[in-house]
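Take a look at these structures.
Here come two complexes built around subunit A, the first alongside subunit B, the second alongside subunit C.
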Partner chain A sequence: MRRKTSRLLRGIALLSTLALGATACGGSDDGSDQKAVSASDIQAALKKGGSVTVWAWEPTLKTVAADFEKKYPKVKINLVSERSGDKHYTALSNAISAEKGVPDVAQVEYFAVSQYSLTKGLTDLAPYGADKLASKYTPGPWNAVSEGKAVYGLPMDSGPMALFYNKTVFDKYKVAVPTTWDEYVDAARKLHKADPKVYIANDAGDAGFTTSMLWQAGSRPYKVDGTTVKIDFSDAGAKKYTDTWQKLIDEKLLAPINGWTDDWYKGLGDGTIATLATGAWMPANFVTGVPGAKGDWRAAPMPAWTKGDKASAENGGSSLALPALGKNKELAYAFVEYANSGAGVQTRVKQGAFPATTAELQSTEFQSTKFDYFGGQEANKIFADSAANVADDWSYLPFQQYANSIFNDTVGKAYVSGTKLADGLKAWQDASVKYGEEQGFTVEK
Partner chain B sequence: MSSPLTTDSPATPAKTSSPARNAPRLRGPRRHTPGKPRRSLLLTVLTSLVVLYTVVPLIWLAINATKTQAGLADSNGLWFSSDFALWDNIRDTFTYDDGVFTRWLLNTLLYVVLGAGGATFLAILGGYALAKFDFPGKRGIFAVVIGAVAVPGTALAVPTFLMFSKMGLTDTPWAVIIPSLVSPFGLYLMWVFASEAIPTELLEAARIDGAGEARTFFTVALPLLAPGIVTVLLFTTVATWNNYFLPLIMLKDSDWYPLTLGLSVWNSQAETIGGDVIFNLVITGSLLTILPLIAAFLLLQKYWQSGLAAGSVKE
Partner chain C sequence: MTTLQPPAAAEPRPAPPPARRDRRSWTGWGFIGPFVAVFALVFLAPIAYSIYLSLFRDQLIGGTTFVGVDNYTQALKDDQFWAALGRVSLFLAVQVPIMLGIALLVALVLDSGRLYGKSFFRITIFLPYAVPAVVATLMWGFMYGTKYGLVGDINEAFGVSLPDPLSPDLVLASIGNIVTWEFVGYNMLIFYSALRVIPHSLYEAAEIDGAGQIRVITAIKLPAIRGALVIATIFSIIGSFQLFNEPNILRPLARNAITTDYTPNYYTYSLSFNGQQHNYSATVAIIMGVITMVIAYVVQLRGMRKGA
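Now for the complex of A and B:
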């Protein structure tokens, strides 16, 4: 019996290896000699009509899809928006590996683009004319969707970082709004001393936040060249970040609240969480999620690592991409182009989305928008400034989604036990290296 | 089965106690009858704890359904906030996103009527047949049914998904309805109930009088099974109404979502960039979702209890 089982298992293992090999071979020569698709081809497709299935949870796309259908009455946009984040990627990966039910357009966050492009899961949009759009976008997002000459998606929104702070809390305890991270630690101590219920920020371990902080600090832990990957969390930038953040952790100055939970929204509303360093898309969530604190919050530039330094980073943000197995590519591209480069951008900005296009970011109308929620502050000036100062040489791992999923098992320990943050990052590095090797990447040591 | 509060009283049928209840109240030595069992402090405390455990979440839900999104954050969870927004919340729940809540409600009703109704119908037929007919392999079937009761539906969801995926039925309402049609527990309950509630002599009498099997079943057996049917119907209704995992893996198209999935979609909106945070509607929606179940329980309480106790007292 046992013998039989093990043979069976071996059989299954062999089969799966074969299957993997087959996909790898099948994918290798796709896309390299794609025919160029002219604008007139796309126009012809739009006239002919058809349907496009879009998997995207970005809320503003609903209006954009309706507008698009109005403009091209023969095209039907089937927007599926129920899944977001991990659930979305699981469904997308499942559909791609089953070669069944793959959407024609999918929302892909910047950190996950290379994961899908490397496995030939996404269509190169350069032959459709996307390569000519490079100058329309800010450097951070464009760098995330392009690889050499290939373009794997059009940036939909971006998240240049800013420091949101609860002005009421800072005024009450007469603490100055920090402009450097050293001042930030000081402010954290003062606020928590004045009222033990007040924390400078919430952080219970969040991969997206940590990588963005490393990005701003000048650390470049990931180097990716095709299937060759290097992971190293020991550069000077990473040390700057861990030294500072370790102080906040050791002195228990961070509220142990996970982001995006009801506790988090409550903490943002009642003054428990005094600042939030995050992407410029946050105002929309403030307005609906924390309506009670209207007028309390303001935006400020990210604290600097050395006084006067303006370096910023991106947090979050996503693109719309065309999965390689999707259908109606001309129509799909036309929709993506409309939503993320054409008239759709204005529609989305009006509904509170934060654009990735320089024209919108630099327009006076955008910059002079007064945010009622922030007491009439023209916060977009700060955000646009941040977007212009994002270093564009950052890259995520081609298996970032997996790496993020093991963040809490490794770095997360630093938040709950005596493990040092730097050691946690080292453990994350080791686990990521191991996984990368298992997946067949060449991992440089 | 004796009532849980009774500790040492003899198991006399409950009916004998009704004269005692009607008798004038006299202060006298306390008599421990089944209608008025001796009080036990320990049991009272334990039952109170269980009551608290089950009722507090409901109270929390009812209270918080009256709050706005802002009120949820800055008021105590177990008391009302200054603004009473229940009616606004209910209206918004039904109008949000072009009234998608109504669509989910109708889907749930569809799954309950076809799924739970069908499951009950099949359980009645099967239970009756197993209780009143002898045929080879009955013991085997008994073993299979008992075994199936022990396997939770969740464990079968993934294999079922793979099977339905091959048949091309996923992402259709059938993918939720067909698996809901099978209720081993319902079948077992009907079986036990039918063998107790229908005297075999009655069936024989009907047959001698010339009634066919179908007629015997529908006119003689079915009315006798009514309390059992209600019990099974309640069981399967609750299971289908609250079903989450099966539709979660079967359905992609939100037009076919039941309420459980729909509410979870609303809840996860708070986790996305630019997402509309509507915890107040999630809570109000949850309250509205459980109201029909509560109503069904209260209205059918009598049957429910007698069904549960079926076969516990030998007469």
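Now for the complex of A and C:
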């Protein structure tokens, strides 16, 4: 009996191994059909109707989806918006590798587009007519979604950087709002000296912020050409950034508070954090997250690295893309086009989204919008100006999501121990190179 | 024997004994079948699948290839993995003795019968175990805060400057503190219930022999609950090696101190969910499982041998 049991167990184990093996071995073929899809094909699909599943956390899409359904009553939009950031990408990557439950439309941030396009996870939208929309968008976002002739998504919003500052704090201690990063360091010293509880900014190590700062400083650490990548944090731009930021770290002028935490919202509200350099999508978050500080904050152009230089950078922003394994592509494209290029843009801008389309950015209505939260300031003028001055040639890694996840393991050391920021960046570079090689990229040294 | 010849040997019988034996064996399977099915589904199949996964490598460029034991050789040379293992081993060596020591002391005090409000103490010390680990960690994370948390408030109220519990040097101790707080009550209850079943006649005999409390503890109580001590130790070893919840939940507050390879479990989690390296992650998980099993088994053998 005993021998029989163990034999049976062994059999079951073997069988389950085989069964699981069989399911895991499913082949994958990239469904790349490059036939042009005409506008009438799309119209016909809209008349016929169907449903489109959209994974996106952008809050303004809710109204857009409702409007779209009203306009095309036969089309049903299933908006799934519970997941954002890392959780969203994990779910998306899992669905793609399982070839099951892949959404028809997915929100993909600019830094992650190349990761999915490279592995043929996204549909090229050029055959649907997306290539003709290039001139509608500002260059930064368009560069992020296009690659040669291929277009992997339509830009939804953008994040040209600006310096948000707490005017009340600056006025109280009679410190001038910095226009260069050297003045910024001075202001940091003055403010912290006047009140040891006040810090010029919070920074406890944030990959998105650091890469945007490098971008503005003229550093181009990532060079990507297909599957060949180069990672180098030792150029002149990177040095400019690390030299300046090291001073702020060494003199303990940065509040060690992570973004999007309770402490962060409190710090923005009670004057602990005096400035915040981030994307132009921030105002809506101020209104909802820091309602108590209404009237205290203002927007200003990003401090320059050399006086008079207007170079800016992007921070955040995302596109809507069509996963290659999604269904109802004509309908999906129609929705994306409506939301990010058609009537949906106006709807979203009215709700506080920051557009990536030049027409909206340049319109007087947009530029003369007064922000109650910023004491009636016409902040969009500053943001639009920043958008026009975003430095070009920046690219993210095709595995930026992973690289960002290990940022604090490496660069983070500079914030909590004696490690120099430049050495931290070097460690980040090494770890990213290692991963790139493991993933089959050709990494140039 | 020979007298028991069947009277009508000419008539062939349709072999009832084999049929009966069959039925008996199927009845047995009927009883253990549900267990075997569930066991295979939730235990054997995932392990088999992990082993299967660990033999492949999936790359962003190049797709999935069979690599044999390459993942294993890579893992055995992986500094990040060994550093993580070293960290939980240190945790094990320091935190587990402290936790079990406190639990044992409390159990002995409760059992001594010299304490007023015994059931009150028993329930309050056990209570933290009833708090879910996630909630407990969030709560402690808030208290550890040097800006707006309890530590910050103490600093402000008394004009002192306590070290940051979430700094890289202290965060492991801070996690140990949370785990101790959570599990002292649980271990205390194991020890306490083992102490309760010791026959009182032994104590009376000891008293007649003139043994004091200390002597009673070392000569009667501790040897009697050795089994419980071994079990609690094994649970704690497994718990330490599987440390995940606390670092995972504290991480948003201390990203620079708690790295993505902080504990072996957290490392496998990061490999899988951030790096999409499911195959390598499965390999590390299997190696970690084997190490845990070996150590727990050695402790059990040693513990039991002393008992014999």
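What we mean here is this: the second predicted complex is superposed on the first by the 412 of 445 C-alpha atoms of A that agree within 3 Å, B and C clash if a C-alpha of one lies under 4 Å from a C-alpha of the other, contacts with A are read in each partner's own complex, and residues count from 1 in each chain.
The criterion applied here is as follows: a residue touches a chain if its C-beta (ideal position, glycine included) is under 8 Å from a C-beta of that chain, and two chains touch if they have at least 3 such contacts.
Nothing here was measured: the structure is a model prediction, and the numbers come from that model.
In the superposed model, A:375 makes contact with neither subunit B nor subunit C.
Put simply, more of the residues of subunit A are touched by C, taking subunit B and subunit C as the two choices. In the superposed model, A:82 makes contact with subunit B only, not with subunit C.
Of the two partner chains placed by superposition, only subunit B is touched by A:157; subunit C is not.
When both complexes are overlaid on chain A, the residue A:342 reaches neither subunit B nor subunit C. Within the superposed three-chain model, A:262 lies in touch with subunit B and with subunit C [touch as defined at top].
Once the two complexes are overlaid on the shared chain, A:91 sits against subunit B while remaining clear of subunit C. Look at A:101: by the touch rule set out above, it reaches subunit B but stays clear of subunit C.
Within subunit A, the residues touched by subunit B in the first complex and by subunit C in the second are 262, 266. Remark: subunit A residues 57-60, 80-82, 84-85, 91, 101, 157, 159, 260, 262, 265-266, 269-270, 279, 281, 284-285, 288-292, 316-318, 352-353 touch subunit B in the complex. Listed in rising order, the residues of subunit A touching subunit C in the complex are 1, 8-9, 12-13, 16-17, 20-21, 24, 28, 86, 90, 93, 97, 115, 118-119, 204-205, 227, 255-258, 261-263, 266-267, 272, 398-399, 401-402, 405-406, 408-409, 412-413, 415-417, 435, 438-441. Across the complex, subunit B meets subunit A through its residues 68-74, 252-254, 257, 265, 268-279. Those residues of subunit C lying in contact with subunit A across their complex are 25, 28, 36, 40-41, 44-45, 48-49, 51-53, 58-63, 145, 147-148, 167-168, 252-253, 255-257, 259-261, 270, 273-277.
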